[in-house]
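Listed next: structures, encoded as structure tokens.
Below are two complexes that have subunit A in common, paired first with subunit B and then with subunit C.
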Partner chain A sequence: MEVTADLLVNALISGILLAGFYAAVSVGIGIAFGMLDVVNIAHPAFIVLGAYVAYIAHEMLGADPIVTAFVLSPAFFVLGLVIYRIYYYAFERHGQESLRSLAFFFGILFITEVVLILSFGVDYRLVNTSYSSTTWRVGFVDFPLRLVVPFAVSLAMTLGLHFYFTRTFFGRSVLAVAQDPLALQLMGVNPRRVKELAFALSIATAGVAGAFLIVIQPVQPALGRVFIGLVFAITVLGGLGSITGTMVGAAILGIAESFTATFFGPSWSPAVSFGLLLAALAFKPTGLLGR
Partner chain B sequence: MTRKHPRLAAGLHSAVQLATGLLLAAGLASAHAADPLKIGFGMSMTGPLAGNGKAALLAMEIWRDDVNAKGGLLGRKVEFVTYDDQTNPSTVPGIYNKLLDIDKVDIIMSGYGTNVIAPAIPIAMQRKMVLMSLFGTDVNAKFKYDGYFQIMPNGADPSLGLVNGFFEIAAAMKPKAQTVALVGADAEYPHAALEGARRSVKNHKMKIVYDKTYPPNTTDCAPIIRAIQATNPDVVFVASYPPDSACIVRAANEVGLKTKQFGGPMIGLGYAALKTQLGPLLNGMTSWELYVPEPTIKFPFIKEFLAKYQPRAATEKLDPLGFYLPPYAYAQMQIVGEAIQKVGSLDQGKIAKYIHANKFSTVVGDVSFAKNGEWAVGRPLYVQYRGIVGNDLEQWKQPGKAVVVWPASLKSGEHRYPYDQNRK
Partner chain C sequence: MGNSLRIEGLTAGYGSVRVLEDLSLSVGDGETVALLGTNGNGKSTLIKCIMGIVRPTAGRIVAEINGTDHDLIGMEAHDVVQLGIALVPEGRRLFPKLTVEENLLLGAYRKAARARIAESLEFCYETFPRLTERRAQLAGSMSGGEQQMLSLARALMTTPSILLVDEPSVGLSPLLVQTVIGKIKELKERFGLTVLMAEQNFQQAVRIADRGYVIVHGKIEFEGASREALADNELVKKLYLGL
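And then the complex of A and B:
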């Protein structure tokens, strides 16, 4: 296929816009898995839950999904607090957080799916917002607002989290808690409390990512499973414990997917994405920006 | 008396024993006759195709209730034994082995779709069971099992029958379409549809300028549509599953796809969720459908079936239109039920022979089967969506929104092209 400026620039823009969405779905795993060592395999299920909450608000009140997600993010935060407490008292406190906690989060994944199936059925749900069908065209470059709006909000959210984790005392204590909880205790910080709040924050981001999801594509209760591999791949590629790393990982996979689909055939996208992951880990096992 | 007549006593004893035995045997026989007739199958109740799977299950349950209201089959009440296959082919062998070995079902049916039908066929062959299957595309091509039947109306050459109408429409355009882009998901069904499309393109002496597949969980399809647009095809043919059908349709509108004809057998566009959610984005597309409320489509009894199905579907949060899969799910049960009644037993060989030899009158019209278990004569529809305004469901129940443009015998309007000028 002939490589034209039109195809090249549009592939790049599509990849960057997609990366915004990928960053939003992965940043919560970046916090839970990358910073807290909590293998929250149920994270995508909370994303789907966020999508359904946004759907209900849109159906009942006509509310924009992304506005709904931010309004209801405190509720997701509280949900995160509750789940972490159960996890802590059931597993982490006894030093059994590895295999058993994996089963715990798998359980939460299935329960969330079943609750959604019983409540909403198994049909696909999608929200059509006022901007869903609008595409800005600048020269030969397309900017579909269905992807532009989630990208802009995702960028603001992930940058905000980056500054929060790197510039505040609490943020730094989150970065420290996985490395040396004892040292953190000696400084007068309660590691459990820090992990609890950080985990809750990760679930709150899942709620917001869910709103992006239902704007971008139709959602059904089991859709979360599709994203499990992707979110962990982005987190590992970017480097554990780094929000900017998650953003970089998302950008690499998003752009790689878009370029592969445009120039080589979309069926190669997963192979190229995971090939990049393997190559990056071969040269830098801690991930691109990991410590 | 017994002391005086020992032979008589022995005779009486034997007679009593015989009578008891006969009574017991009769009792057992009547108990067996009262046993329910079990029909077992896996169905997608979760996973990406659960929307269709549960709608099909509801249609089959309506048939079961109808049959039981008339006294059941062979004088036995019909019962279903079902398991969720999670739209996952790897669960299928376990489900069917359990149905046959543990649940001891009398009849098996398939789950929904090519991907889950294929792994059920070897088990049906091994156990010599009839397998009536629900919407598989050319699954029996390699197995060649004579106990296999399939209810999707694509004809004896199903992968070609599924797509041929699309390319006949393309060939009828003036000037005739010359170049074709083919794209589909990386899964069993789209691969079979693409295979049929390649053959049909060759038969119509057109040229393929793009032929690629994509992963089914693709989030943004705009790069795919742009790559297709770069080849400037006259026709864009898509074989997709529900989430990627939505992805492709939205990307085509966002990129502003310019082509004469766009569409194909895109699963999902046939049922209410995507029809209402995509709404006007569907305008101008040429899509495969199995039933639309056009004046030329007069399947006997389908309205009676939909009158039963639609209220229950609304209650159970399933496809509220029921145009795509439910009538065919009901029809396949009608065929199996009639065959069992006429044969008068559960002899699988005789049931298969009866289905091969007879024509069945069903809610989707008369059905007879070819040697390979597919419909002897296909009847897929290609429609063009027109005048869709907003996301209202009711408009889809009116004629004129999905105009039949192929086959000629069922046409309710002419195909309008190019696509990009009929998109609005």
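And then the complex of A and C:
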């Protein structure tokens, strides 16, 4: 295939737009896995759940998915609270969280998937919004609004979270909680409460990312599995415990995937993504911006 | 308005192992009391009982904060800290992957501390100039002495009324031990703190203590009403000075 400037720039732009979506998908794992040490592999299942909720709201009320996501994010927050409580009482309290909780979250992943299949079948679902088929053109560069809107909202959300975690008392306690929960108690903070709220926040971001997902592409119940590798790759590549790291990781993998898909075909994308991850970890085991 | 600590008939342990047996002591308002004893005699367990980290099986722990009595038994550590009791823990327990400044800011989490955060921060940097130089550095990358200073400064950021210090000298060179102990005295005088310090290093602890207790196998074996009484005691001489 001939490489033209036109193709290159378009691949770059769509990579950056894709990266915005990836950041929204991964930021929750960046919180749960990167900051709290909770290996929530069910995270993508909550994203798919969010996509279906947005789908239903659109079918029944004609609501825009992204508006739905923010309106319903408190519900996802509460869902997160409940799941963390179960996780805490069943595993973390006994200090047996690592392996057993993996099974727990795998279970949640499968249950969510099966419930969605039983309720909606295995067909792909898509939401067509007012901006879904609009594309801005600047010169020869395409800006499909289907990607631009999630990109902009995601950027606002992740930057907001970044400032929240680095500038507020609660945010700093989230950064500290996995490092030494007892020391955090000695600062007068209840570590269980911190983990609970931060985990709930991570599930709320999954709900929002789900709305982006159904605007960007058709969704079926098992789609979450596709994202498990991707979200962990982004979080680890960017560096654990850093939201900016997650954003950088998302940017690198989004752009790499877009270039690979444009010039070599989409099936090479995972190989390139994980190749980049391996290379980065070989030179900087803490990830690019990890502490 | 007084800040004091009273412990009566405290019994505590881990599983079937009893570490503290019917132990009583008190720390009066504005006093610095040294809790002396060699390793494994229960000093740290006592401190952990006060903080609610270890649950005693019997006894009372009452803290008087600004003239009001609080029963500490059954409270969780974060609630004890919220009352105005801070601990500089054994092994420093910093957040290694947070910067010096982030560690200090976390110290000011409780409401009463947030109100005075700018003042406290300025004071900490003034008192510990090394921390100013290293404010943007990760706490885990500092030397042991610097970490002990940071741990002390961080506890101070909580603006406590009562300060507990557990083994501040462990792992430090004699010169640094002297500096750290000196700083504790300085802080105590500046803020009128009530201090209980568990320490193995007799010579250094006695330098700043008003009085002290010697704890052997979980019991108070000797109560020294003054610095001199401690230094003259036969048991102390046997345990610490090898006389």
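One rule holds for everything that comes next: the second predicted complex is superposed on the first by the 286 of 291 C-alpha atoms of A that agree within 3 Å, B and C clash if a C-alpha of one lies under 4 Å from a C-alpha of the other, contacts with A are read in each partner's own complex, and residues count from 1 in each chain.
One rule holds in what follows: a residue touches a chain if its C-beta (ideal position, glycine included) is under 8 Å from a C-beta of that chain, and two chains touch if they have at least 3 such contacts.
Keep in mind the model is a prediction, meaning the values are calculated, not measured.
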> Is the arrangement of subunit B and subunit C around the shared subunit A a clash or a fit after superposition?
Replying inline: fit
>> Looking at A:94, would you say it contacts subunit B, subunit C, both, or neither? Reply first, second, both or neither.
In response: neither
> After lining up the shared chain so the two structures overlap, which partner does A:173 touch, if you call subunit B first and subunit C second: first, second, both or neither?
Replying inline: second
>> Output check: A:265 vs subunit B and subunit C. Expected answer is one of first, second, both, neither. What do you get?
In response: first
> Which holds for A:241: it touches subunit B only (first), subunit C only (second), both, or neither?
Replying inline: second
> Which of the two, subunit B or subunit C, is in touch with more residues of subunit A?
Replying inline: B
> Of the two partner chains, subunit B (first) and subunit C (second), which one does A:183 touch, if any: first, second, both, or neither?
Replying inline: second
>> I'd like to know which partner A:7 touches here: subunit B for first, subunit C for second, both or neither.
In response: first
>> I'd like to know which partner A:147 touches here: subunit B for first, subunit C for second, both or neither.
In response: first
> Which value, in Å, gives the least CA distance between subunit B and subunit C in the superposed three-chain arrangement?
Replying inline: 35
> Do any residues of subunit A touch both subunit B and subunit C, and if so, which are they?
Replying inline: none
> Which residues of subunit C touch subunit A in the complex?
Replying inline: 51, 53, 76-78, 81-82, 86-87, 89, 93-98, 102, 105-110, 113-114, 138, 154-155, 158
> Which bits of subunit A are touching subunit C when the two form their complex?
Replying inline: 169, 172-173, 175-176, 179-180, 182-191, 241, 291
> Which residues of subunit A touch subunit B in the complex?
Replying inline: 1-2, 4, 7, 10-11, 14-15, 17-18, 21, 113, 117, 120-126, 128, 133, 135, 142, 144, 146-147, 216-218, 220-223, 226, 257-259, 261-263, 265-267, 269-270
>> Could you list, by residue number, the parts of subunit B that touch subunit A in their complex?
In response: 45-48, 50-51, 53-54, 86, 186, 212-215, 217-220, 222-224, 226-227, 230-231, 242-243, 246-247, 250, 253-256, 268, 272-274, 277, 279-281, 316-319, 391
